[in-house]
Amino acid sequence: MVRLTAIRPVFSNALASRASVASTRSMAAGSKFVKYDWEDPLNLNSLLTEEEQAIHETAKSYAQENLLPRVKQAYRSEEFDPSVMREMGELGLLGPTIQGYGCAGVSSVSYGLIAREVERVDSGYRSAMSVQSSLVMHPINEFGTDAQKEKYLPRLAKGELIGCFGLTEPNHGSDPSSMETTATKTANGWTLNGAKTWISNAPVADVFIIWAREVVDGQKGKVRGFLLDRQKGIETPKIDGKLALRASITGSVFLDNVQVGDDALLPKSGGLGSPFSCLNSARFGISWGVIGALEDSISRARDYALERHQFNRPLASFQLVQKKLVDASSAATLGLLGAYQLGRLKDEGKWCPDQISMMKRNNCGNALQHSRTLLDIFGGNACSDEYHVGRHVANLQVTNTYEGTYDIHTLILGKAITGIPAFAN
Amino acid sequence: MVRLTAIRPVFSNALASRASVASTRSMAAGSKFVKYDWEDPLNLNSLLTEEEQAIHETAKSYAQENLLPRVKQAYRSEEFDPSVMREMGELGLLGPTIQGYGCAGVSSVSYGLIAREVERVDSGYRSAMSVQSSLVMHPINEFGTDAQKEKYLPRLAKGELIGCFGLTEPNHGSDPSSMETTATKTANGWTLNGAKTWISNAPVADVFIIWAREVVDGQKGKVRGFLLDRQKGIETPKIDGKLALRASITGSVFLDNVQVGDDALLPKSGGLGSPFSCLNSARFGISWGVIGALEDSISRARDYALERHQFNRPLASFQLVQKKLVDASSAATLGLLGAYQLGRLKDEGKWCPDQISMMKRNNCGNALQHSRTLLDIFGGNACSDEYHVGRHVANLQVTNTYEGTYDIHTLILGKAITGIPAFAN
Amino acid sequence: MVRLTAIRPVFSNALASRASVASTRSMAAGSKFVKYDWEDPLNLNSLLTEEEQAIHETAKSYAQENLLPRVKQAYRSEEFDPSVMREMGELGLLGPTIQGYGCAGVSSVSYGLIAREVERVDSGYRSAMSVQSSLVMHPINEFGTDAQKEKYLPRLAKGELIGCFGLTEPNHGSDPSSMETTATKTANGWTLNGAKTWISNAPVADVFIIWAREVVDGQKGKVRGFLLDRQKGIETPKIDGKLALRASITGSVFLDNVQVGDDALLPKSGGLGSPFSCLNSARFGISWGVIGALEDSISRARDYALERHQFNRPLASFQLVQKKLVDASSAATLGLLGAYQLGRLKDEGKWCPDQISMMKRNNCGNALQHSRTLLDIFGGNACSDEYHVGRHVANLQVTNTYEGTYDIHTLILGKAITGIPAFAN
Amino acid sequence: MVRLTAIRPVFSNALASRASVASTRSMAAGSKFVKYDWEDPLNLNSLLTEEEQAIHETAKSYAQENLLPRVKQAYRSEEFDPSVMREMGELGLLGPTIQGYGCAGVSSVSYGLIAREVERVDSGYRSAMSVQSSLVMHPINEFGTDAQKEKYLPRLAKGELIGCFGLTEPNHGSDPSSMETTATKTANGWTLNGAKTWISNAPVADVFIIWAREVVDGQKGKVRGFLLDRQKGIETPKIDGKLALRASITGSVFLDNVQVGDDALLPKSGGLGSPFSCLNSARFGISWGVIGALEDSISRARDYALERHQFNRPLASFQLVQKKLVDASSAATLGLLGAYQLGRLKDEGKWCPDQISMMKRNNCGNALQHSRTLLDIFGGNACSDEYHVGRHVANLQVTNTYEGTYDIHTLILGKAITGIPAFAN
């Protein structure tokens, strides 16, 4: 054990870090305090680069000005407007962490900020965007050939093409290792057969990333990724009657003897690690996005509680109402901080999937729980789509489930902590 | 709205920040992952300076080697060993953020790390230390004269003197503005009368920071701080029968016509802002400390779950057990990250009391809730003091209450968010 | 203190109660056990009379055979089929506790059983029925003249007329004492002006119970009830874009100089006690109904968990899934038992509104919480209306809010326990 | 489907049940209400026989007058006063449901009421009593010979002898089927070897019910019960350092070649069903007892909240405080109602172990959760044993664990609902 007074002199001269500078400053700071900012309680903004702050601003303006005005009608009518994707592409919001191919090449934190701002309006819009960026452009960039990248990435980045990601099958939600879709090797290519379901963007997709188990000479092999254009043998019926995420479009993908050439294979893909790599990226984005939806719920509930009076007082003056706001605010603040730290670790090459599970699970679970509690502040008006929070509540149930349910991430983390897999327990 | 591709080139050359460096690196990083560290899931350690890491190590070693071996007996017998304070003083752990006077002058994050490691053993030891550092040395440093500082700080820093902090009164726990203790101006000094209760360290204290309402010429004025030696008129009976925090000592302070000179006044104190300044510092430390207790609970529950078998399997293989560990781990990780960010903001002069309320409340509430859940893993053995977690559970109920109850911090934050005070609602 | 051996002989001969008979029988029963019935864990059925069991069966058959087949489409299209009301009327399900006027005159427990079975299909259908029975027929029966009763009750009982209940105003949800709607005395009757909102059945209603503050000679007086036919000056626009309860129809009621005769007044109404009497009856029914929705959620989640396999096992074999079912089952069982006891107390003249608040609040809160948890079992399919539970979840948010929000009932009970009103705190 | 108006006439004449009488009465009752009784919100008392009411009164008086005055000291000093058992015996509180042998032969509901009143003072006292009644007298009565019954039951009923129950082993808490203690057949009797732990009453016990696996001719057989006097080879060291249940005494039982005759065997015991029969009885009592502790917590928290002022108002006027009281009150009320119904089913021969699991789990879980929440009302005073609720909180953690942990009962019920055992999952 080294005494602190021995430690301190050794290091203090050598350091010009945030910490030591701060330490010195604090002596002068005394007890002067900054003003509390309920929209950024722990000053996340101060941790962002100027570039990130500018990106944040762009995403926020776009979402508030272009998405918010149409979300109510989109949700009511269960319709997705593909021009949303082109608008996002125009601003550089698609595949933003990719270097080259017309992509912005920004930090993972920037990607998170974009997801947060789009989902502040609606989880459906964020889902459509996540699919394009993390589940379509990412695997092409990671596992594709130069030719594939050059052919597809620029047009996907612009939103000229819309992509979808076919992993989940009707009977295998949480356990993709039981995949039934096959890609059988033919003379010049592959024949794909199988069915995928709950596929975001599928009905309007031009491009399909399809995961299938390869069959070569009758032998089943690894799961591989294929990059397909819409073509003969692909059917993508829309799923109707959704109770949530109605502003995005969801469908099945049926593959009936789809014939493709060898160039449809993503050659660097192999094994479930490949689609999981996509999920890692998407889950990271979700962990930011859902906090955006929660922040919007807080903001709207706060406004309502300040304006609405009962018993001759604003609702915001009631202890039971304040507690709801406070609980939600703490969860949003810490969830965002965790997502931020994860983003930095990601870009520093210090991350791992279990960390993503922690933040995806924590933030989705909390966003759902607290948006539900906040919804109660609206009383009878909770039921009306005019107040938006009911829509967030419905959406967040889905975000808590897709890309690994809450319980599956519990078990991923349980294994990470104990070393013991309990998935089939 | 500025397009990202426009933003990116503008800033990218100018930046040498963590973010942009990282962004570049991430391209190379590909899908290589680090190993998940369940004891530091989001790599807080990487955010610490080398100095802070060394301080952390010192505090951890001391606590594990010197405090852990005696805590069981101390708790059973409800006795406090004053030599603990001298040992801490020897290592520089007391008043560590203070510059000069034999204090280490380290960062607030360092202070937090010390609290975390001491409370990993027991909240009572951390409480004794917090009182000395944040509630006794801090106000002397902030509100005292040079003479007071020079006389008291070095000996308090060494643990030669033990201090206590008299704010809370029997009838005024959450509302110190109703303080009844008075300091009446006399010709050459002051006469103090009143009663304080639930005062940590009081029965063994040499030095007393007493908050009292000044009475000058029969007029009641502001609350002022006084720095007293143990003397005639001060009684400090121990409170027996405590159900928690039994390794620290607690008492009342009765002030019966205590006569002191003018030099007993802390001259820069005035108004409740002064004791609140102390509480801010102490609450900051608590927000770190309780996570230490939670981390110890996680670690012990994990060990037990791995070793203990039922139905021919380790408990750790059961989903219901894994969920407990995972929930606790997420809460500890994010709570620590929030406390860290708060510490940095503090030293950068960007903090405010509402932020402290958020982290004190969140971390105390979560440490309590999750340590309770973890305790259930121990089954019948939960009841035995051999397993330590039951002690943490009892202690953490108190930490969730003192220095502002959970509900009071809810209302502080409720006011911060809505602008409406609801304390008396 | 009387020794038990002294108590026992005194009473044992005199008693032929359930308890003492049972006590004797238990000696013989030894350790033989009945089979556990997960659909009625504490054997509520054994507490029902044969009549009640038969009524239960009628309501269940009707709901499953006639309501279930049309609910999905009704919910999707946000349309209410008025023939539902006539079918219920045909079976005697409307106003069933009323004696005479073609009503069945059954027990309150019977009324509860009907609500439970209708809401097992959908809260919207139960709401439509509750309005007719508790909020329209009940006040006519309680506060009306014989002429009013004879004119309206038989046709309401048959479902030939549909009624609605106008109490809530746009600005006064939880606090009806601030009512703004007025009934101004005229020479031969009354002129009504005002606006009501979130009124179930309003757009299709033939009959309106309107609560208004009487104004006589310019003086505002008590709140009185009025019984109106649809007529000039009444507008009832439908509220679109509801996020829940879409199988029932909801609207506003605008009253613009509606002229009615003296015979429109419900003469025995006076003060807020009158509409509260209606709410008491409705809340009692809700406390039964929501458990029906929860029971359906349990049953469907159980079926799904048994059928759906992941990791080569049924979901029902996973501890995390079992816990969800078990928690929900306990809450449903005890909630039902409480509602039953309340019904018996009601019919014995031993009830009070605070008891109703307890059961309305407890059962609505639990039904909502547990149906949400159960929904997670469905994974991605939770989002589809094919699985019904998502619809229950959306509906139950509303039932937890209407007829007194969860928080308002908290404060009603808080006052009942402490004697201190904290509504405006 | 039979119309209600058709059902009603058929049955109404034939019935003279509570329900139909009540139904008629309700018509007259109108809107007159009884006064809300916060100590018995749903009028459980009205469901008790006069005998049960008298027993309830006896138990309550005894506990308040004789146990309450000594509990604080007993808990502090971790000492059990055996005269408690003789006092209970004197009043007929021990083995009260047994017919004959000096036992009272009362209903199971009476037994529950006794447990509730004793645990209203302290779970430790109730535990000592439960062991005597359900775990010692019950198995003698169920599985013993007439000679065993006549020799032991009268003296156990009087509290002259104190018994304990040795089932749990150091390595087998939740899974008694792995029992290691053996009873090896000898020429004239049995030799017992093994170790039991966490055995209530053991250090002061005169009589031991020991469960051991029989070994005959070297072959391991069923688990059998043995009835032993304290004798050579039995060691019962006290467990010190308990963090809860300190008013009862707990120890290990070490059996080192204990030689007993054939008459030590409980001949009708065989298999784990026998000790489980005892556990069923004990768990039933616990499901009542813990509600007593919760009711005491409610009552004390309510008193404190009414007396204690902060911000110039009683704590009881704060919404956040009222919510705590209301939540606890609802849970206590419904938990009691469920325990009551279970008691009636038990005596009617209509019960099963899964029902007991439901009520033991639900009531223990709720008593623990809500007493913890109520404790927060006491602020800093929560830590003092003067206020009693902290003691309940500590105790209730144990009651939630012993006699089947919360999670084990979850899995018992999970199996009951789904048919799938998940204990080893």
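Chains: A, B, C and D, in written order; residue numbering restarts at 1 for each.
Note that a contact is a pair of C-beta atoms (placed from the backbone, for glycine too) under 8 Å apart; a residue touches a chain by one contact, two chains touch by 3 or more.
As the structure is a prediction and not an experimental result, all values here were calculated from the model.
Taking the definition of touch as given, a chain qualifies here only if it contacts subunit A and subunit B alike; those chains are C, D.
Ranked by separation of Cα centres from subunit D, the top chain is A. Separating the centre of subunit B from that of subunit C, both taken as means of CA atoms, is a distance of 50 Å. One simple way to say how far apart two chains are is to compare their mean CA positions; for subunit A and subunit C this gives 40 Å. Between subunit C and subunit D, the centres computed from C-alpha atoms are 36 Å apart. Chain contacts: subunit B has residues 318-320, 323, 410-411, 422, 425 touching two or more partner chains. Of all residues in subunit D, those touching subunit C in their complex are 1-8, 10-12, 15, 17-20, 22-23, 25-36, 38, 41-43, 46-52, 54-55, 57-58, 61-62, 65, 90-93, 96-97, 99, 102-110, 142, 273, 277, 280, 302, 305-306, 314, 316-319, 322-323, 325-326, 329-330, 333-335, 337-338, 341-342, 344-355, 358, 361-362, 410-411, 413-420, 422, 425.
Listing the residues of subunit D that touch subunit A in their complex gives 318-320, 323, 422, 425. Remark: subunit C residues 72, 76, 168, 171-175, 178, 197-198, 239, 241-245, 309-313, 318-321, 372, 375-376, 379-380, 382-386, 390-391, 393-394, 397-398, 400-402, 405-407, 410-411, 423-425 touch subunit A in the complex.
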